[in-house]
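You will see chain A twice below: alongside chain B first, and alongside chain C after that.
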Partner chain A sequence: MKSVNKTIPSIDGKGLMMGRPAFTDDLAEKNSLIVKVLRSPHPFAKILNIDKSKALELEGVELILTHEDFKRNSYTRAGQGYPEPSPHDKFVLDEYVRHIGDEVCCVAAVTKEICEEALELIKVEYEVLNPILNFEDAIDNKSIIHDEPEAHEMFPIGFEPKRNIAASYKMEVGNTEEDVKKSDVVIKQSFYTQAQAHVMMEPHTVNARIDYLNRLVLYSATQTPIHVRRILSQTLEFPLSRIRVIKPRVGGGFGGKQALHGEMLVSAVTLRTGKPSKMVFTRKEVFESSYSRHPMRFDITLGASKDGMLETIDCYVLSDTGAYGEHALTVFMVAGSKVLPLYNKVKSVRFHGHVAYTNHTPAGAFRGYGAIQGNFALESAIDMLVDKLGMDPIEFRDKNMIKQGETSPIFAIMGEGTEGTAMNMESCELEFCLNRGYELINWKNTYPYIQVSKNIRRSVGMAIAMQGSGIPYIDMGSATIKLNDDGFYNLMVGATDIGQGSDTILAQIAAETLGCDTSQIIVYSSDSDLTPFDTGAYASSTTYISGNAVYKAALKMRQMIVREAALAFKVDESIIEYDGTTIKADDKEMTINELSNRLYYNEDQKQLTSTESYVGTKSPPPFMAGYVMIDLDTETGEVKIVDYVSVVDCGTTINPSLAKGQVEGGIVQGIGMAIYEEVLYNSSGKLVTNNLLNYKIPTRKEINKLTTEFAKSYEDSGPYGAKSVGEIGIDTPPAAIANAIYNAVGVRITSLPITPEKILLEMKKREGEKR
Partner chain B sequence: MVKHIIPNSLSEALDYMSKDEYKIVSGGTDLMVQKRAWAETPPKFDQNTIYIFNLMDLKYIKKENNKIIIGANYPVEKIKDFKSTPILLKKAIEIMASPALRNLATIAGNIGNASPAGDTLPILYVHDALVKIVSKNNSRIVPINEVILSVRKTCINKDEMIKEIIIPILEFTKTSFVKVGGRKADAISKTSFTGAVNVKDGIVKDIRIAFGAVNVTVVRKKEIENKYKGLSVLELQSRINEILNDYEPFIKPITDQRSNKDYRKQVSLNLLKEFINNL
Partner chain C sequence: MMKIKFELNNKEYVFNEDPSKRLLDILRNNFSLTGIKEGCGEGECGACAVLINGELINSCLVPLANVHNKKIMTIEGLSETKRGKLIKDSFSKAGAVQCGFCTPGMMMATEALLNKTAHPTVDEIKIGLSGNLCRCTGYNMIIEAVLLASKEGEGLW
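Let's turn to the complex of A and B:
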């Protein structure tokens, strides 16, 4: 292969490094009105009155919008396909505020300073209501967070707003309760995960203007431009045909930009004033007023036979969606559907639970999307079981985990908000991953731990994981390829490059198929007017879904070129030989440049364009084994990550270096969730960790060595054998590190993040018990 | 209207300060954060402010008579690179904030901020550093433990500023600085431990211990240190429980968003024990 499975630099890397204007805020109109939001100081309150008179008197204040300026159209910001599996429980502005940082009203003014001054002059009267600040107290609480009659589900998702339940679900294969009773060894344990923040470098940013055709044109740092356009139109009741959403370069998303954040208010301001406007979230707003990962509690019961066969898994999940139900059902379901099939040999499995509303910052999509939470719980519990069985963790997994050619009943039962799709694992190199990681981390000589110095214990821990590749029968991607004079191509895709490098790998897939150099493919992505439909960058779908669309479009373009060459040579298509640059038939020869110039200027004039789309009929999971080596300081409880070994099966790596970047970025973000990123609220519901000093993501100094390898694997249904790689990297660190800590000092930490404080406390308790 | 003054010389600065009250900005790495408003808008100073960061007459470091003398706005990164800077101070600076901040941050600011978690402070205490404080008509030299009075409280008067920090060069055979933060950069200490000893022929001639972030100011107890001077290393080690008991009452940390008091206390004592046991 010429272009695929080759490391080439990201096609946008150099321009971005040279500081070319490319990001949303670079492209705002210079005279944009600045839009800022007055945010709630209360976790739950009813707005009685908003006095904006003083602020309106201020020179330079153009407009103040409150809930009274909007029709009560409920919607969801989730940024999903239609109809959404998330409840419509949000208004552009509402007379209730449901978390600290929720929107009260917004000001548009000519400068930031005036905006700020105006915000201070707005006087709001609140009736403060009783907030729910603990998700375990939410269901059937006296306070009802969504009592408004307009809130509704789009199809049955178990929505019971009167009980503070945003969604619920239950499924069972076999009879878990019976099988638990029959099991020789049983583990019962609860696990907690925290509301991790995405911390993408570019905050949520959007700007709008009315163009010369009297249309609303938005630049937005979004993962889902097509959904943004639809949701804006539906909610503001403005014709879809008069909205254009352009996604320029985006500085990271991780799921945080799947949802709509500033788009509604900026559009409303521009539509009312006719003037361009813009909004850039502050870092504090990103923390408090966008969304986080769903915190969850898992109550897990595992049953196994004496000889180490896992017989049954019972898993109840309580998930905290915060003030709004964005991705409530689907994230919670993925906590089961992309975790439980790892152990497909069980006799019975049950997965059930509820997603509760609370008065915290809402939760939404985040890389891993439930799978990381579920992985922490299940893979920790498995190690507890293995310990009780007196077995080796690797041997146990090898015996019980899913392998090539096998399936799990869960695939057919659980989809994302709907039923799933049955599939066999056509490509599954998990066994290789397990064995190769074992070697790379030097498990044999380290497990369970070695004493490096008086107070340092070096240990190893591991976990296995799977993810998906798009949502079958829902996620659709499409691509258009246009041949230009002089023989180069435009590739137009709806797929959304948000820094992960999808424009680059899609160009590589097109180049491979067309036989040309990648530099001949000029990619333009995500402009709702110009590029074809794509659901967006989420659910690990771009390489597999959009990649397949690009592959099909390129194949078709190739056929068109061959047909035109045959016409030009006056020969039959079957004797044409085409290597991507030169077209040959018998003794005749023509370059693609000559052919295209002929087509556009001289003879048989016509434009060649091909458009194809792809919707998955299955979602082949990428797999990985994550092995960590840690140094645990028994004096301070501090954990140093010495090495993190990832052995990944994502099928063919279209661009090995970008694939490695995805895995390692995921690992570091997973390490952050595992041991650094503590989320703290004070007793009045205020997020304390709302800046980058208090909220500690790992820095370069925390990461010592990352060892990343890819298994040789080929997924027949993927473009050139590829599966997804965007999320899988994040899943293993929490469980692998928790297991390594147990192996080092014998304490089992069941809540994230695993801080030195927790480790030392548990060690102390254990000492006490021993005495 | 608040006044913003960028003086051209120290005497000009002191002149202004003799007439009006000013907040001093050195590197600004504490103040800019404390006065932060919205992103991309300048910080909000609600009082007169005087910027001393470019005063050349405060930007120096020199070695004189077995002392290091550091001008008030000499950035810590450069202090770290100065060859005669005591090793403990170098170690403390190495894990302070992050490189960009260290090129601005100053020790005078660390003192002026008077946070119990200031990382250079325990080092200054252990070295019995002196602080030269000047005003228009006066100049005084005050030991570091008398400069810092409590959390965010110093003895520096409104018309005064720190001119320089004087650190005696001492002889130690073994030193240790351990900072326990949430991560390895841009993290404020949960607790820190500083230890230094001078052992000659197996006899502990000098021992100095300081703890950061576990009380309202840095904890250094000369009475306790004196008690153990003159012992052999083995004798010292055999009395480890007594040493721990001596320090225990002074380690009174709080619970905040960075850590909790039980952890801080236990770790501080663990680090002390570790230091003594490894002499």
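Let's turn to the complex of A and C:
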């Protein structure tokens, strides 16, 4: 292969490094009105009155919008396939506020300073209501968070707003209760995960203008431009044909931008004033007023035979979706569907539970999307079971985990919001990942721990994980390739590059297929008027789904070129030889430059354009084994990550360096969730960790060695054998680190993040018990 | 309003402005220097870092009055220099750029670090760049980029 499986720098990197205008705020009209939102100081309240008179008197204030200015069209901010599996429980502005930081009203003014002054002059009267600040108290609470009659589900998702339930789900294969009774060894444990924040470096940013065709043009830092356009049109009742959404370069998303954040208000301001406007979230707003990861509680029961076969998994999950139900059901289901098939030899599995509303910052999509929560719970529980069995964790996994050619009934039962799709593992190198990681971390000589100094114990821990490659029969990607004169191409894709490098790897796939150099492919992505449809950057779908679309479109373009060459040479297509540069038939020869110039200006004149789309019929999982080596200080409880070994099977890596970037970026976010990123609310429901000083993401100082390798693997249904790689990296750190801590000092931490305090406290408790 | 004089990217400017405005806004809005990014507005993320008289400083925390009579260098200026080009090539080669939002600040931090220590150790790089947050990479590719710049830029710093 010439272009694929090759490391090349990302095609946009150099321009971005020089600071060229490329991100949403760089491209706002200079005279844009600034839009800012007055945000609720109460976790739950009814707005009785908004007095905007003083603010309106302020010079430079253009417009103030309140809930009275909007029709009560309920919608979901979640950018997902349509109809969305998320409940429609949100209004552009509402008479209720449901979390601290929720929108009360918005001001548009000529400067940021005037906007801020105006916000202070607005007087709001509230009727303060009883908030629900603990998700375990939410269901059937006297307070009802979504009592509005307009809230509804688009299809059955178990939506019961009167009970504060955003979604419910239940599935069972076999009979778990019976199998638990029959099992020789049983463990039961609850696990808690926290509301991790995305902390993409570019805050949520959007700007709008009316163009010369009298259409609304939005630049938005979004992962889902096409969903943004649809949801805007439906909710604001503005014709879809008059909206254009352009996604410029995006400064990271991680799921945080898989929803609308400022798009509604900015559009409303521009449509009403006719003037350009823009909104840039403050970092505090990103923390408090966008969304975070769903916190969850898992109640897990595992049963095994004494010879070490896992017989049954029973799992109840309670998920906290906060004030709104974005991605409520689907994240919940992925906590099962992308975790449970790892152990496919069980006789029975039950997975059921609820997603509850609370008056916290909403939860939504976040890299891993439930899988990281589920992985922490299941992979921690597996190690507990292994310990009780007196077995080796690696041996147990090798015996029980899914392997090449096998399947799991879960695939057919659980999809994302609907039924799933049955599939066999046609590329599964999990066994290799397990064995290779074992060697790389030096498990044999370290497990369970070695004493390196008086206070320091060095230990190892591990976990295995899987993810998916898009959502079968729902996610669609498409691509258009245009041949230009002089023989270079435009590749137009709906796929949404948010910094992961999808424009680059899609260009590599096109170049490989067309036989040209990657520099001959000029990529434009995500402009709703100019590029073809794509669901967007989520669900680990771009490499596999959009990549397949690009492959098909490039193959078609190649055939078109051969056909045109046959016409030019007056020969049969079958004798044409084409290497991507030179076209040959018998003694005739022509370059692609000559052919393309001929098509533009001389003979057989025409524009060659090929368009193809791809919808997955399965979702081949990438797999990985994550092994961590830690140094645990038994005096302070501090954990230092010495090395994190990732051995990943994502099929062919289209661009090994970018794939490594995806894995290692995910690992570091996973390490953050495991031990650094504490989320604290005070007793009145205020998020305390709402800035980068209090909310600790790993910096360069915390990260030591990362060892990343890729298994040799080839997925036949993927473009050049590739599967997706965007999410798999994040899944293993919480469980692997928790397991390493157990291996070091024998305490099992069951709630995230694992702080030194928690470790010391458990160590003290354990010492107490021993005495 | 106050008369402000400064040297920006090796060119002198004199103009009247509100001295309490943030340097970040002045550079982005008045000078259209889009390489300076606002990631947090609180001096925590380093995306808006510039060099003021050679010191690495987050421009979101600097009132305009403070840079009167000073020399400012942004990524746009650095990119034009030999050292800037070398840092750019090193970041590119090491695959240190993902979304690119934090990268200009990271490159400014690299320039500041290499100015002080031409051959930093890995630990010195970790400390030198710890004021610049990145959420995309695993950081190691950025450390490799700085090591590469230090090696290939022999004599430049």
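One rule holds for everything that comes next: the second predicted complex is superposed on the first by the 771 of 771 C-alpha atoms of A that agree within 3 Å, B and C clash if a C-alpha of one lies under 4 Å from a C-alpha of the other, contacts with A are read in each partner's own complex, and residues count from 1 in each chain.
Just so it is clear, a contact is a pair of C-beta atoms (placed from the backbone, for glycine too) under 8 Å apart; a residue touches a chain by one contact, two chains touch by 3 or more.
Since the model is a prediction, treat every value here as computed from it, not as a measurement.
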Study note, to complete from the structure: Between chain B and chain C, the one with more contact residues on chain A is chain C
Check your understanding: Where does A:A625 make contact in the superposed view: on chain B (first), on chain C (second), on both, or on neither?
Key -> neither
Review point. Taking the superposition as given, does A:E635 touch the first partner, chain B, the second, chain C, both, or neither?
Key: first
Review point. First (chain B), second (chain C), both or neither: which does A:P9 touch?
Key: second
Review point. Touch check for A:T282: first (chain B), second (chain C), both, or neither?
Key: both
Check your understanding: Which partner does A:E116 reach: the first (chain B), the second (chain C), both, or neither?
Key -> first
Practice item. Go through the superposed model and pick first if A:I498 touches only chain B, second if only chain C, both, or neither. Key: second
Review point. Does chain B (first) or chain C (second) touch A:G19, or do both, or does neither?
Key: second
Practice item. Once the structures are superposed on A, label A:M401 by its partner contacts, choosing first (chain B), second (chain C), both or neither. Key: neither
Exercise for review: Return first, second, both or neither, reflecting whether A:M200 touches chain B, chain C, both chains, or no partner chain.
Suggested key: second
**Study point:** Overlapping contact positions on chain A, where the chain C interface meets the chain B interface
**Key:** 203, 280, 282-283, 692-693, 698-701
Revision key, fill the gap. So, in the complex, the side of chain A touching chain B is made of residues 36, 112-113, 116, 203, 280, 282-283, 454-455, 635-638, 676, 678, 680, 688-689, 692-694, 696, 698-702, 756-757, 760-761, 764
Check your understanding: What residues of chain A sit close enough to touch chain C in their complex?
Key -> 7, 9-10, 12-14, 16-23, 25-26, 30, 198-203, 249-252, 254, 280, 282-283, 498-501, 657-658, 660-661, 663-665, 667-669, 691-693, 697-701, 703, 705-706
Point to revise | In the complex with chain A, residue positions of chain B that touch it | key: 33, 37-41, 98, 178, 180, 182-188, 257, 259-260, 262-263, 266-267, 270-271, 273-274, 277-278
Check your understanding: Along chain C, where are the residues that touch chain A in the complex?
Key -> 29, 32-42, 44-45, 47, 74-76, 79, 88, 91-93, 95, 97-104, 107, 125-127, 129-130, 132-143
